[in-house]
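Next come two complexes built around chain A: one with chain B, the other with chain C.
Entry: the complex of A and B
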């Protein structure tokens, strides 16, 4: 069935899809049109990236191409051809043949891709044994070779998935995919939810394997920066369509679609002298009611009358763009900017006014009226340690620690009143534990924590609520932090009652003011919503509003943007910055994301395995790091050279299509 | 194995608590159960001094310190000496229970295991062929069966197959014409007598296992590792059994532990309806006759069997799920 001609031109399509449409038809819900007419092809040996915000249909498209969709999803129209075989309607049995012939998939972050009750060895036996009869020894040999290709030791074969770290599990998943001798591998968010350094290592492994083994790859990610650095070509997906398809360097230097340009503006280099970040206010449309005309129009600063009509694909060099205005000079409004020296907010003018940055407008309104934390006090940590007893072996790359784990090992730092300090480091560096000790959720094993003259580490449980009027925490996961049964107005309202003791009209006014402050306008509209009716960014705003209800002197924010799409990062960071200025509260910003740390903090502390390895003013730590670990963290960031000029590429209408 | 060693202390402590509770309860009861028991016994015939003493050890001596009573009680239990039953006078309690236990274990134990195995397999099949006619039939049928009142099933079966058709005996564990022993005619008679009660227990229990397993399977089928296994070209059989069913089984094992624990004590209704000579029937008689010595010993047997069953299932769970092991 292998119909490959003996000599192949390097970029002959290995996979093509035309007119592909995918529908989710859930029982008792409206159908969701997740992929709406996609035409693409991947050449032999190419590395293609597929990017877009979450909910744009990337995974659905990837699954459709790999024929992994299951009910309620189905391919409603179009064809998928892999290696000259139409696989659109292939039955299960023939599909297995195709998979053994090399159509492999690596799933989103790989965390749950392994059977929890089966050892790694068993997984290899299953996969290799399904292709051909092999002796156990042969399987083990092959498995060891595959593991060494993904830089894992043979001892991993005897481990259960839960005994491996996230990065190791993802490597095992890649090795299993490689066992199929794949010609095409679809990677769905291969590094999401992994530590930055691990993320970088996995991407490097994928690139090296691709060169060695020579497979073709589709890399799906919401992170344009990551994809641009790793691929030859990028497809940008929005609301179920590919809106731009370009060679990676061309897209990096001159995006033609406003959406691509905006995504690109959400990336930045934290080590640059001047750092600017854009965002995309709003969220992708609900695909159960696909919009008329250009789907991006409600969020597009260029949209005009023609955009009420569906735009057509225009060919540009080897790629294409689907926008009425292309090509235009694209200047993306920036939401937040940082230059060496004192912080510099972006005045609410120019583009800022056109893009609905409700947050900044609201904060500007409230400016001066509420300077709550008047008696701000410094927060000091002296020689703080925290030991955890481990019940189980702690899974970390390679080593298994047992018994006592020292999460924080002798940390001393001082957060001055009104200052913004960043706490950065990889996972397991002790950042979150430190944050939890500062808000009193965890007690240090030794050392002292003081706010003004208050010994935080000595607080009794019943004194904590009073302490929380002064120190508040914003957690990583805006989904977990809110009670799904209560309206968000109720949630924030309870915080107001608890902390400020307001009632009646005062209470109501304060509630509306808080919603306004965090940019949820009109407040009445949002206060009545349940958490699941809000987008991730809106939920995180609610969480921040709840923290503000206490009028805290210190705000501890633990990865407040890491679970959000990059397109929302700038908005939330901008909000945090403005709030800090207007309330005078100090901010402890915990993150693994150096870019956001650069944008909102003045001081930076780098943690590694519970120790401070480096600290100082944020820009100098990032721009001239002295500790090797800081250097490693910085090197792990994918870099994109951007320039916002449109290339002189000839734009042509697609032949045979109406304009 | 460290996993076993870690669980052992919990078992020992709970066992001790059960035994002690069993010691304290009759002593805390209003009135004096021991006195009542002795009086009742006297009505049945002559009570020897040693019989009287055995009852007092178990149910409470009028005089004497609690500590020394407790010590005597523990010694009696260790020797299997639970006193004398007056329902089955002059049999000692231990002998009465010893005679009933095998009946219950054989009937209810076997059927509980059967219900679990058959139900789980059907559940796997229903989930794997989700949406098929088989799935629909199994789901509807099991919901119906699970909702059907238990004693109704028993009575209907009794009436139809016992009275009307006359295929199966109506009462008892074996017919009067044979005597218990290891011979063929007894075995056949006992088997014939067990069909109706077994079927009743099976019918009432099966539906729950099918539906439970089906639901667990459906949950597991949505997991990433199932999609990944499929993407890796594993055969549907391997995916269904080794990946999906294997994981979906885990919650069922815990439920199975509880069901096993109830084998000894939970069969009261069946045994009474069918006049089956097991523990349940015994318990019923003990309660009706206010046979305190028998009741006390039965409670102990039932509690201990629940604890032991849960302990064993806990160990099995550890074998099945590497995540709880160490």
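Entry: the complex of A and C
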């Protein structure tokens, strides 16, 4: 593949926005200033990433640039110029003309955007047949070419969307977007909700296609690591503004805005000898009350007196940064660190950073705090299987003849008391099913699960509540995991009443103690809140508090950080580590994210299609993997840290290539 | 729970259609309560000229047996509202019990309740009502209430069953189980409060159907013909050939009232849709 001319000045701008402001004006609510004065331009043939946490206005900006905003959102000021046409106020009909051969969008839910009752062929006929008046045979030819571009076989044309995997559907959505030969494609979170390995493959496909077909692309994502590896330039957005706009290699090696630096510090290489992770405490500001001065100042460890004033954009090379403090040397405070061998303490940086100690130390310290170490018992799984009945045999998914899907196929493992074990694998590896069987929400089809002398798989339904005093689960989705109608105090309080049988003052004290333990202080303030009044990270803390209310000896955490912004990942992992240390509970950490597994676990089990393919101490499994699947999982991680060691000018090969 | 009800009420009032519907309902309710004050005569007094046309003393004329039609119309509001809301409430309660249990339970209970729901859905409503009303030993408002409730719950049960099944699969229900909550606590405190808008929609839908069914049954003579209601007014007007004698008001007035009451409830339901589906909130 080619090398791209590194100088951006050769690209004539295809899309420019100046002074762009977007307002949401919901009925019965204050207007939200989602985009606040954005000046950007995308050159012909550029691949640009737009990153930020959720709530920073990045999707809104993408929609505004593509003129896809719907009421109550509207462009309040500024202009959008596409290919020297001002499209800011263009009417629907002219806009359609521009969309046809100019502007395409792959939506966030692109993989669900296919009509379930139509075959893939039908979708291509809709787009190509109607718009370009092609004959059926021509459409089929074009469709096959497009599918081969996104690495799908022509046979996919005759499949229904539900017969395709999530990654295949996303590829179809991309092929459809490219069908009309757009000059600019906006990808809104194209890989969210996809399996890790598939995520990487889709990003590679986008980067390769972009080089081959030569369209211009804007990739909106919350994952800076993923975007850095695939793009030429990255815009970092915070609170409705672009705070840093840099060439990708330059941003990767030397971010200038503290926000970009902090986002970058949320990424890490799990195979390194020393792994540290930063986080960004707090959450983005409420844009219905636009902040005065620098919007990032309340979360910034560098903020000083000048930050009370609105910062101005400073040009740096081909990019820019909007910060009073830039350019200073940026050392991001780390919240959690893991090193091979004995761990070293992190100096307290004012962000409450502490170190998770090793497992043995944790058990020793936890002794006598909550539960006697003598009552802590090992959890053992022997040859556990789980079959699910399917209604219809789908030959593509490795289904057995009887219409059974074997989600877990003979897993044996042992979680010692006080140990932290990671269970990693892609989607469909059976890791979640395994977790649900361990907490008794599902029953194994065969094999045995024992906690001490207790046969978990033989427990009757009415004995389960007693079992749940010993084994608890932290659920994946803090949005679905809390009843939206109950105050979080009620939710946690019910668990305290049921499991500890406390009443009156004791109950009240325990409730406040739990909220305090998970870092929701002042507890009285948070206990009265409804879930929607809390941020995602705060909700996940509530979910953890509820699990702790039972004082469990085993905590099963099912992807506790996968639904959260990466900026919150370190905080929650730090909390889990602290809790283990203080309670002596053992932890089964289920995840697809090797980095977080490295940070909180001692032992690692790699699952693939219901089988254990590799297991051992976490650092040795990650640093010298023996199974090809483990190698593949590790290769799928965006390698930001590695690129940091490369001098900025030296990166000339196509990004996105497997390293 | 109380906050939920306030939230529902506030959202309803914010919706223009629902506000219109609620206003009409309020007027009908006021008429029902204040009927003795508003009605010029006793609705059962037969000491007027028979089949008199509209006049200042009898704005809607008199019936074939010499009763004041306006007084009957005003008093009739009571029966329609009572049967409408009573049968609506009864049908919603049955629908909730059947739907929630069928949605949450596994095994034979789910199958049996699902079958019963489907059975009541496929049997044509009016013929079943007629058969039931004809065979029940007593006649009167109570009978009609029972008949309308028995035939009116299945639709709501079906909707609530699928919603319960959806909610039961949500993580917060599994989390509540792990928090040690019992099955009834999960059903009443975790699942049902999340279906308030569906329950309200089910209630107003069933009430609308009940108002119409009550009028229909009485018009067919399956009620007690001596009760004062819009349905019996239509029944007697038809029997005395009111249209042929030029007394169209005897048919049109109760008919319009029935249509207006049913429309009011449907209007309220528009607002309830908006509670469950924020996309429908008027801008």
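One rule holds for everything that comes next: the second predicted complex is superposed on the first by the 585 of 659 C-alpha atoms of A that agree within 3 Å, B and C clash if a C-alpha of one lies under 4 Å from a C-alpha of the other, contacts with A are read in each partner's own complex, and residues count from 1 in each chain.
Throughout what follows, a residue touches a chain if its C-beta (ideal position, glycine included) is under 8 Å from a C-beta of that chain, and two chains touch if they have at least 3 such contacts.
Quick caveat, the model's predicted, so the values are computed rather than measured.
Colleague: Following the overlay on chain A, give me a clash-or-fit verdict for chain B and chain C.
Modeller: On the superposed model, which is not a single observed complex, chain B and chain C clash.
Colleague: With the two structures laid over each other on chain A, which partner does A:446 touch: chain B (first), chain C (second), both, or neither?
Modeller: Neither chain B nor chain C is touched by A:446.
Colleague: Touching A:499, do we find chain B (first), chain C (second), both, or neither?
Modeller: second
Colleague: According to the stated criteria, A:288 is in contact with first (chain B), second (chain C), both, or neither; which is it?
Modeller: neither
Colleague: Check the residue A:72 against both partner chains and state whether it touches chain B (first), chain C (second), both, or neither.
Modeller: A:72: touches chain C, not chain B.
Colleague: If you stack the two complexes on chain A, which partner ends up touching A:412: first (chain B), second (chain C), both, or neither?
Modeller: After superposition on chain A, A:412 lies in contact with neither partner.
Colleague: Identify the overlap between the chain B-contacting and the chain C-contacting residues of chain A.
Modeller: Touching chain B in the first complex and chain C in the second, residues 71 of chain A appear in both lists.
Colleague: Please output the residues of chain A touching chain C within their complex, sorted ascending.
Modeller: Those residues of chain A that touch chain C are 27-28, 71-72, 439, 441, 464-465, 468-469, 472-473, 475-477, 480-486, 491, 494-495, 498-499, 543, 546-547, 549-550.
Colleague: For the complex, give me every residue of chain A touching chain B.
Modeller: Contacts found on chain A: 66, 68, 70-71, 92, 96, 99-100, 104-105, 107-108, 111-118, 126-127, 130-131, 160, 162, 173, 176-177, 179-180, 392-393.
Colleague: Taking the complex as given, what residues does chain B use to touch chain A?
Modeller: Residue positions touching the partner: 131, 223-225, 227-236, 238, 242-243, 246-247, 250, 320-323, 326.
Colleague: Contact residues on chain C for chain A in the complex?
Modeller: 4, 14, 170-172, 174-181, 189-190, 193-194, 281-283
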